[in-house]
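In the part that follows, the structures are each spelled out as structure tokens.
Look for chain A in each of the two complexes below; its partner is chain B in the first and chain C in the second.
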Partner chain A sequence: MMKTLIDDKPNLMNIFVLETKTETLRLFRTPGFSIPTLLFPIMFYIFFGIVFSMNAVTMPTYLMITYAVFGIIGPALFSFGVGIAIERGQGWFDLKEVSPMPASAYIVSRVTLTFIFAAAIVILLFAIGAIFGDVRLMHWQWVSLALIFVVGSLPFCAIGMTLGLYLKASSAPATVNLIYLPMGFLSGLWLPISFLPEVMQQFANLLPPYHLSQLALKITDMDLGFPVALHVSVLAAYSLIFIFLAVKAYHKKDKK
Partner chain B sequence: MKDKLLVIVIFLVAFFMLLPEPANTEIYDRAFIIRNVQLYDGNQRFEKVDVSIINNKIAEISATLPAQTKVPELNGTGKTLLPGFIDAHTHAYQNALNEAINFGVTTEMDMFTMPEFANAHQTKREQQDNHLIADLFSATILATAPGGHGTQYGFDIPVLSSADQAAQFVTDRIEQGADYIKAVYNAEKAVRSHFPSISHSILEALIKSAHEHDKLLVVHVDNLISAKEAIALGADGIIHSFLDQVVDDEFVKLMIAKKAFIIPTLTVESSVMQQSTGRTLIQNDFNFRYLSKQQRQQLKAKFPDFGIPSKALKKAFDSVLILSNANVPILAGSDAPNPGTTHGLSLHAELELLTQAGLTNEQALHSATGAVGQHFAIGNRGTLSTGVLASMILINGDPFEIISHTQKIDRIWKNGVEFKRVVHDNAAASNEKLKAGLITDFNQNLNETAMGTVLAESTDQFAGGKSVVNLALIEDNYSTTSGNKYLHVSGEIKTGFIFPWSGFAYLLGKDLQNGADLSALSAITFRAKGGPQTNKISVLLFEPGSYIPITIQNAGFDSFKKHIYCVAES
Partner chain C sequence: MNTNNRQPIASIRQVCKSFDEKPALTNVDLDLYQAEVLAILGPNGAGKTTLINTMLGRLSPTSGEISLFGHPAGSMQVKRQTGAMLQVSGLPDMSTIKEHIQLFRSYYPQPMDYEKIMEFSGLKAIENQFSKTLSGGQKQRLLFALAICGNPKLLFLDEPTVSMDITARKSFWQAIEALKSQGTSILLTTHYLDEADQFSDRIIMLNNGKVIREGTPKAIKSQINTKKIRFSSQANIASLSAIERVSKVSKVSKVSNGCHYYELESTCAETSIRQIFDQQLEVNDLTIIGGALEDAFELINKQDSALNNQQRL
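So, the complex of A and B:
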């Protein structure tokens, strides 16, 4: 490690790894972040999906998938949204900006971090689903779901980044929660979408978590039957719009 | 660093390898064993048994069957095995029997359809390899008075105006394949009479004739007084519970004395009373996937508000409980596909409503299984005992505890073969938005419209009817310029399909499966005039995937004028 650090040319890969490592360490040492994001989806899943399940056969599988979506959105919104807002407030953001570390490292490390948290949530949910919810899926289904969840956190990283650049440090946690929780419920992540009134089902079409959950539910044949292309394009559109907004915010705004 | 990465990769691979796969993805057909399952055989409940199926038939039911290696075994722990349901009141046409089996209804008792549809399916029901659709029994055409209930569908059915026609009517029905006779009756003394009815003496003659041919006769009534008269005359069963008054002692005693049954059809009565079960059914659990677009439309459809006082529905429910407590046989029937109901799924709603009326869950299950065969000659359908063809449903749950568990269908078998439930695609085709413009000036061929694909003949022959139509492009005599043609439509509406039609269709999409996006259009405009016998024009707008029009607009047609039909979504 040390050797590579004093090389003449900085090794980009090493910077990414180091930044990710330290960020991960920091987050795990911030129980205020790691505990709620890991525990909320799992607690809800155990509660609605297993203990008070309305249908012992299909519900544990269905809700394992939707709570996994709910779960992976959390770290994306919080690590980016709240994280950046707070660092801006503390001046950390400016310090990192003037440091020789490339800006890409900042983003890459946070995306990796989100992936790690997403994977942790997915592994926990899968284990609980398989052990306590009797969820049985083919190996290709388990793996595809995990991939969809991890990659599917990207649009929410973009949303989180935009929020983090716009929001004030003090109001960020509350605002992100105000977006995260209702959006999860309205997208049919807490209860199957078909349980919601029709107007709400129509409204869910506008929300990215709904589209990610429909993509994942396709793997187990539990989706509403809309085309893959529709879901993918809505998610891609959200990603592009929010990346654009984030870039705009970064360049325009007083980052304090 | 590399070691750590390796550990992580090994952990991930191990984790995903350890995740459990479904124990058995085997198909259970013709010969298999279901172990530790709760069984309801149509008459009796067994809490935990093993059931073996050999040669498509129930071979053995016992507390524990010896271990078997030759046939696949299915673990039935926590599940309930029921006979395939029987819906004792439907109107079957189009895809009715496919829709029925998709929700575990393996037999339908039709109460009025065209003989052509019935006959084709009556042949099929005798074939053991008929495992993709439900079995059909049918009354074919019902017995009603000129202008009576049943004639309002706008086509010509034989009607009865005097008692001496009854014997011939019954013979004709039996020759056309009727399994039983259905009559529509309203007593002269009845307060409510919105349709003309056959007389007391015609009903008497019909019952006598049906019984001479060993056929049951069931009577559609909408009030208690008519039901009393029908049962007193010897009718075998009553269709519909009573919205006018709760049954009295006299009626209960009459039903017992005559050993008559009732098919209350609370599902359709709730819908008539604007309390349809349809929307809840669509939302319930995972039903949505198994409903076609047309079925969803049917479930959301509403009856016009007849202005019947809202207390009436309670009378219908109370009547069912009183009759059931007096041991009058109750048979479950949905009256699908009336507005608010659909084939298959609505029978599950009927079971729920019967328990709401006060029947036990077991009584409700009996009404849709074992009870039906005790009255109608349907063989051993609705029962599961040794030697019976295995038409059955495996339920994820316990309908004896919660009746709506019948909707949690795990597997369906018809004649010993597993029926794979049909999942309906909800994908909306993305079509280009149509821009406003001239469709055609009728100077080219009909398949050369400027927009859309074709203007073509359209009759109920598409659905098995016999109506005819002829389209011709004719020179306009009134016009001074040559080459100014118009579309001349001539045709005849004939009996053969329940909703007969004759006319032409204009296809705006590429084909029947793909619709067109009309969102940029507001209306379709044309000039038209009817001939001497046609004074009304109807324009119906359809969506792909459904035969039910999304809008119907009618207009006078007697003089040449401009018609404008709105196509924008309401």
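So, the complex of A and C:
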């Protein structure tokens, strides 16, 4: 049998840039998806954090942080979860799979996109908090919060990717919403966690958004006082489990 | 074409594939040579797409071996030398043709020149259109463009001409000829006998997951080229099955006008008709209908099972 070896490889960086550019352009051309995703957490924050705020001193700051967590989870879950499920349903994902596209390019482009989205939501929330909610923080606090939010979207990218690889295109949007909204509420992102009954506070320990919000609230000394290591390890564990599941689903053959 | 003295670039041996115990492919053997167009011909559900997906590494065979360029199916070395056109129902809407193609070109070490892709696919005039505005045929052409943009040595095309109009089909087959002359091997599935006949070097007929015939288009056609001869007659003709090359006779008698309707299946319509006229049979409303592929497959199945029965006796 004839054996041909191709040693030269395509330029990986070039693929990353093009893939990300294509995805980003696609998103900007689909304002029906991007604008609601951006406005949802901001609208909630304006309602509960500023207009109907129960405590004008701490509430705007507290809820600015938790709604930022809520805001960054959305694009991570949707761009991965719903995006992949739809492309799989169309057969487009299959075409990319049989092409020599490196799997890393697909992931890097979508993670970058989630970062861009997360950054946009965080900047908008910060601006509204500072201007209308009189949120006053030190420089290092603003910067640390922004970093936590952007990097903190990674575990949710992993969760979204797994959902996208397992869910059917037709049920993906509803299922992702069914996970996203209750998980946000139960993690204390809509209302401070201490407002929830004791049982629900216990349950929140199992949810990754709760741990991300506690990490962020530590920056302003508003957290419940559990160690950083606990929150980081739960988030890391969630990431690892879902990355494992996603890799398993991706390499599974004979999928229908 | 003499392919015996050449090494195949892809070969599959005794491949079986079942889905939940239901066999989709049974002991399929196949070799593909350089610069050859091989058509997999079969009715819907024959296992054509399963065969392609197995060769692409998307399905793992239940048993058997697959080797492309000496590598296992689905490996990166194979993917970089292969292009594939799958049955895709939708593309991401908000990218232009140009963006799609440039992205796919970046996946390959030696992509085809962009202008050359445009020439082969005939998409130059609409390169800046978003994929959501494309017609079914234009979408197929884009998928073809994506399949060839890596300068593939081996091209898989699953039902490539579905929803293409006549002009698009014509330029598509021209592109296939040009690629072939550059040394590209092409494996395509189709359920159009005439396409397989005109454009392929070799045909493999697949039915119920089994290879039932393999050969040059001419050889295959001579075996399956049955035509139907229909006519009506006032007379009750009993001797029709004696006519040369007639394989099957069906008769319907209508009492109201005393007319008999006949349908003959002939493996050589010209010979049979000459005989009908030579015998001076009284014949009205004569029509000849080209054999449909499904009929041909049915016929082959019958021939094969008859052969098996004879061997058993």
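Following the convention adopted for this analysis, the second predicted complex is superposed on the first by the 242 of 256 C-alpha atoms of A that agree within 3 Å, B and C clash if a C-alpha of one lies under 4 Å from a C-alpha of the other, contacts with A are read in each partner's own complex, and residues count from 1 in each chain.
Definition applied: contacts are C-beta pairs under 8 Å (C-beta built on N, C-alpha and C of every residue); 3 or more make two chains touch, one makes a residue touch a chain.
What you are looking at is a predicted structure, and each value in this text was computed from that prediction instead of being measured.
Trainee: Per the contact definition in the header, classify A:151: touching chain B only (first), chain C only (second), both, or neither.
Mentor: neither
Trainee: Applying the document's definition of touch, where does A:11 land relative to chain B and chain C: first, second, both, or neither?
Mentor: second
Trainee: Looking at A:25 after the superposition, I want to know if it touches chain B, chain C, both of them or none. Which is it: first, second, both, neither?
Mentor: Second partner only, chain C.
Trainee: Kindly classify A:130 by the partners it touches after superposition: chain B alone (first), chain C alone (second), both, or neither?
Mentor: The first partner, chain B, only.
Trainee: Touching A:42 in the superposition: chain B (first), chain C (second), both, neither?
Mentor: After superposing on A, A:42 lies clear of both chain B and chain C.
Trainee: One more residue to check, A:100. First (chain B), second (chain C), both or neither?
Mentor: second
Trainee: In the superposed arrangement, what residues of chain A touch both chain B and chain C?
Mentor: Shared contact residues on chain A (touching chain B in one complex, chain C in the other): 1.
Trainee: Which residues of chain C touch chain A in the complex?
Mentor: 7-9, 11, 56-60, 67, 69-70, 74, 76-77, 79-82, 84, 86-95, 99-100, 102-104, 106-110, 130, 143, 146, 150, 153
Trainee: Which stretch or stretches of chain A touch chain B in the complex?
Mentor: 1, 17, 54-58, 119, 123, 126-127, 130, 135-139, 142-143, 146, 192, 194-195, 221-222, 224-227
Trainee: Where on chain A is chain C touching in the complex?
Mentor: Going by the criterion above, the answer is residues 1-6, 8-11, 14-15, 18-19, 22, 25-26, 29-30, 87, 89-92, 94-95, 97-102, 253-254.
Trainee: Which stretch or stretches of chain B touch chain A in the complex?
Mentor: Against chain A, chain B makes touches at 1, 12, 15-17, 19-23, 78, 282-283, 285-286, 288-289, 396-397, 408, 410, 423-428.
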